[in-house]
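My structure is below; once you've seen it, I'll send some questions.
Letters A, B and C mark the chains as written, and numbering starts fresh at 1 in each.
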Amino acid sequence: MFNSTSRPLASRRTVLAAGGVTTAAAALAACSGGSSDGGGGGGDAPAADFEERGPITLAKGKDTTGKLAEFLETWNSEHPDEEVTLIELPESSDEQRRQMINNAQAKSDAYTVLGLDVVWTAEFAANQWVVELPQDKFPLDDLIPATVTTATYFDKLYGVPFITNAELLFSRTDLLEQAGLDGPPETFEEMYAAIETLQKEDPDLLGFGSQYSKYEGLTVQAAGLVASAGGELFDAEGKPHADSAEALTGIQTVRDGFDKGFIPQEALTYKEEESRAAYQDGRLAFLQNWPYVWALGQAEDGSSSVNGKMVASLVPGFDGPGSSTLGGLNLGVSAFAKNKGTAVDFISFMVDAVQQKEWGLATAQAPANVGVYEDADMLEAFPFLPQLKEAIDNGASRPAVVQYGEVTQAIQEAVYACFSGETDAEPAMKDLQTKLTELTAQ
Amino acid sequence: MTSTAARSATIGGRRGKRIGGDHGRMAYLLLLPTLVLLALVVGFPLVLSAWQSLMQSGQGIDPATGLIIKGDTFVGLDNYIDAVTGTGAGAGFWNAFWNTTLFTVVGVSIETVLGVAMALIMAKAMRATGLVRASILIPWAIPTVVSALMWQLIFDANGIANRLLDYQVLWTTEGWQAKAAVLIADIWKTAPYIGLLTLAGLQTIDKQVYEAATVDGANRWQTFWRITLPLVRPVLVVAVLFRLLDAMRMFDLPYVLLGTLDSGQTLSMLATDAAAKTNFGAASAYSMVLFAYICLVAFLFIKLLGADVIGDQNRPPRKRRVPRRLRTTSEGSMP
Amino acid sequence: MSTATTTEVVSRTGEVLKPKKHKGRILGSVVIALGIAFILVYCLAPFYWMIVSALRRPSEGRSTELIPSPISVENFIAVFDPSNHFARALLNSLIVAGSTTLLVLVLGVFGAYALARLDFRGKVLVMFLIVATSMFPVVTLVVPLLKLFSGGFVWFPFNWINTYQAMILPTISFALPLAVWNLNAFFRQLPVELEQAAMIDGTTRFGAFRRVILPLAAPGVFTTAIITFIAAWNEFLIALTMVNAPLMQTANVAISKFTGISQFDTPYGTKMAAGVIVTVPLIIMVLIFQRRIIGGLAAGSVK
């Protein structure tokens, strides 16, 4: 009645461990090396079979444009025996992550290629949910180095950057003129001074906004601010430095903005879209956000009151322009999937310059491939592309730690407490340092 | 007359008159499919989870490769101790516990009062029944994931709620306003649920009982406390009981509306969150604690209010049960 | 003390007392009219906001205009974009929720009858066991169930990923406890004497149950059906986890995959439009069924 072989996506005869969830340690066939008994360790990551070919799946949030379907069509017509099926995951990235973890826990082979947020690399790698990838099979030299770093863990490659992202500062030409500036502000000081001038004439103007709601975006802000001030939340050895002088400067500056009314209280509810709405309605003078804002802000259907007045620049910093945190998506290969050889080939196809350019033009997302940034069509479509490239090159990474979930939560708690005026910057960051030390000590 | 008499006999305890026959085997035969299904879908995962809650997944990180050394360690009650003492992975437990309790107690109380009021009104609404019945289904019928988004839009800093209030409440920031937002959205959705079930209960009450009461000169208030409420009680108790169970497991609504704000964190969310952070042991422990908490609340609730719903195993003699029931009935009418 | 009062009310039914005053009547109907108005506003005001939010242009998702201008059906068109397979998703939802409701009613009526009318050992325990299955957070059940349905345990050698039964079975289990308890409460409300009378007339036990009790308990059965159907229609987590083929997904899962104009954009407009699309037919269907079923049962019941 319920014949398993009749289901196309069914994992036929998959050898899975019997017995309880908890006792199924190291049951996957591919995982024979390294992790046997706790004492020794030191071994390399388990070797995966990159020769096996056949149909695979791509699990990723839904594509906004239909371009991905085109890519798959192209690939499938050229590789009839190695078809790629798209599995659309929910739109929310938390939900995507939950589905991937659920499937990894159940050791299901439903997902082959995974679209991984840049901050998941360490955790997915350390849990061996994704396999180490052979570096020589991908055109890594064509990809922006900062993006490859986001896919690397302990000097091994666990993903290949597909798209990247960095935030920019969006100003308004009319207000810049009114404030007596001849270009967008480079530092917080300049920007705050401009807001002060503007607010004298229009007290209702909200000033500067970025994503200060308590969610992942707040960690993006914190990592960027600390990097802009010349510090880092975690050093190369993975030691936290949340209470450094630079970190304090970074956080305190935004807190000052809240205290003095240069940043509105409602910014505590801002995620990307809330802040974009405030900017497009003309209520915010300056907005720090991802480049997607450009096309929407320039829309001429009456939905944006700032069209034609927008100008993009690097995010504000301290002695000069600041750094933005990198976003983006890497493609990894599930440890439990079959046909990893096909998966590798398919990923190479996706990051090839041809696909990357098409993707950039269709979705306005920032490609990981360097060459695309010089492309004339791209430059015409996205006038801010040089600034974006610079922002990506100077981009800051979020902490590459295994307990990223706990780390980002701790950062959000501390920074939110400070921005909302509940605690001062110094005790908040001291407290954060203690927590992060505890978390990474294990 | 006869009907009323029969009914009061029914309430008092119809036990004593049996239909006869070999009941045990047939009863279990009828219940078997239900029990098997529940054992497979809920019982089995529950046992796995109980076992998992005594474990810690992973044995630390290999310093050379950065990989987590696989294998679960038996840690006994450590996960529970962490939770109760609020340390380690258990941080946030008490916050989530009190949020869960607050949402349940305040939410379910208001829902019950509103729901019963709605049912009483609907039972009397002769002409507009279709319209009212249709509209009361709407809050309950909209999928939670969609209605939570709808409330997100309403509670936006520049949304319609603030526009109507003419004051900017930052609903989705930490604090009481965030809890209020969750409560409003939850009550809106679920009061109709209680209303619907209660209405069905009201519809099975014999009209003659009311006529009798009216003839006896009881006013509306007395009729409600002495007749309507006791008669509808078994159904209402079941409705409220299941609302309690759902409210205590609340997850989607605060998750969509408030994200990870501490103010909206419930025990179910904490368990999900722990699983998302790969603390599978802790996640199971939270689930087990929540399970135990709900068991306790449900047990007390049934014990206090629903003894006659669960069965008459003890077979109290009929004479003694009638007065008890009547006393309960009239207690409500005392000022 | 007050026992006497109550007994009086219930037992002195035969006596004729003076009719109620008219003033109370009028006041009463005013209160009821106000109450109805309250219910309508309570239920419909937020829903109105959902509808207007769906009728805005996608680029104006956060507008607070009470009436959208211009009115746009773009969001509704977007819901039925071919890549969403939304019509198919609605059909899947109907199949899953419909079969769930039918099976829950059958199992629930059996179980509730046993609990309400039959006398057997361990009844209280069984009732508590049944309700206890509604006490465990569903989020924690998902991973073991995924493993179970993807063939992860030797004693369950089926792969049910991307099948209806993988969605229906768990959903039944989530809805059954309420159905059993609720129907039990309704059956108990009805006097045994009615069945006994029918049985004396020579009807079998089930005949008596079907022809006497079931029609009388119709409002309860029907409400249980509505509540089960809506709960199954709204189930999300299981449907999301057990199915990854686009043509097998339910409407809720399809909605969760809607995207906005960018990766950061929550597509409020299309989601609200989809919310309206999944809710309104449900309500209409309930209203039609309500007439049919209740009417039918009442007609077929004992005289």
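Simple rule for what comes next: contacts are C-beta pairs under 8 Å (C-beta built on N, C-alpha and C of every residue); 3 or more make two chains touch, one makes a residue touch a chain.
Only a predicted model underlies this, so the values are computations on that prediction, with no experimental measurement involved.
Colleague: Which chains, taken as a pair, are joined by the highest number of C-beta contacts?
Modeller: B-C
Colleague: What is the chain whose Cα centroid lies farthest from the Cα centroid of chain B?
Modeller: The chain lying farthest from chain B is A.
Colleague: Centroid of chain B to centroid of chain C, CA atoms only: how many Å?
Modeller: 15
Colleague: Between chain A and chain B, what distance separates the C-alpha centroids? Give it in angstrom.
Modeller: That gives a centre separation of 39 Å.
Colleague: Residue numbers in chain C touching 2 or more other chains?
Modeller: Residues 62, 143-144, 256, 266 of chain C each touch two or more of the other chains.
Colleague: Give me the residues of chain B that touch two or more other chains.
Modeller: If we look for residues of chain B contacting two or more partner chains, we find 48, 156, 158, 272, 275.
Colleague: Got the chain A residues that touch at least 2 other chains?
Modeller: Residues 21, 105, 274, 277 of chain A each touch two or more of the other chains.
Colleague: Can you list the chain C residues touching chain A in their complex?
Modeller: 57, 59-60, 62, 83, 142-144, 146-147, 150-154, 157-163, 165, 240-241, 244-246, 253, 256-267
Colleague: Under the touch definition given earlier, write down the residues of chain A that touch chain C in their complex.
Modeller: Going through chain A, the ones touching chain C are 2, 4, 7-12, 14, 16-18, 21, 57, 59, 61-64, 66, 69, 87-92, 95, 99, 102-103, 105-108, 110-111, 271-274, 276-277, 290, 292, 296, 299, 301, 303-304, 364-365.
Colleague: Give every residue of chain B touching chain A within the complex, in rising order.
Modeller: 48, 51-52, 55, 57-72, 156-158, 168, 170-174, 259-262, 272-273, 275-278, 280
Colleague: Quick one: which bits of chain A touch chain B in the complex? Just the residue numbers, please.
Modeller: Touching chain B from chain A are residues 20-23, 25-26, 31, 34-35, 38, 41-45, 94, 97-98, 101, 105, 122-123, 125-128, 153-154, 213-215, 265-266, 268-269, 274, 277-278, 402-403, 405-406, 409, 412-413, 416, 420, 442.
Colleague: Name, in rising order, each residue of chain C that touches chain B in their complex.
Modeller: 2-3, 5-18, 20, 24, 28, 32, 35-36, 38-40, 42-44, 46-47, 49-50, 53, 61-62, 64, 107-108, 110-111, 113-115, 117-121, 123-124, 126-141, 143-145, 148, 169-170, 172-173, 176-178, 180-182, 184-186, 188-193, 195-196, 199, 205, 216-217, 219-220, 222-223, 226-227, 230, 233-234, 236, 252, 255-256, 266, 268, 271-272, 274-275, 278-279, 282-284, 286-287, 290
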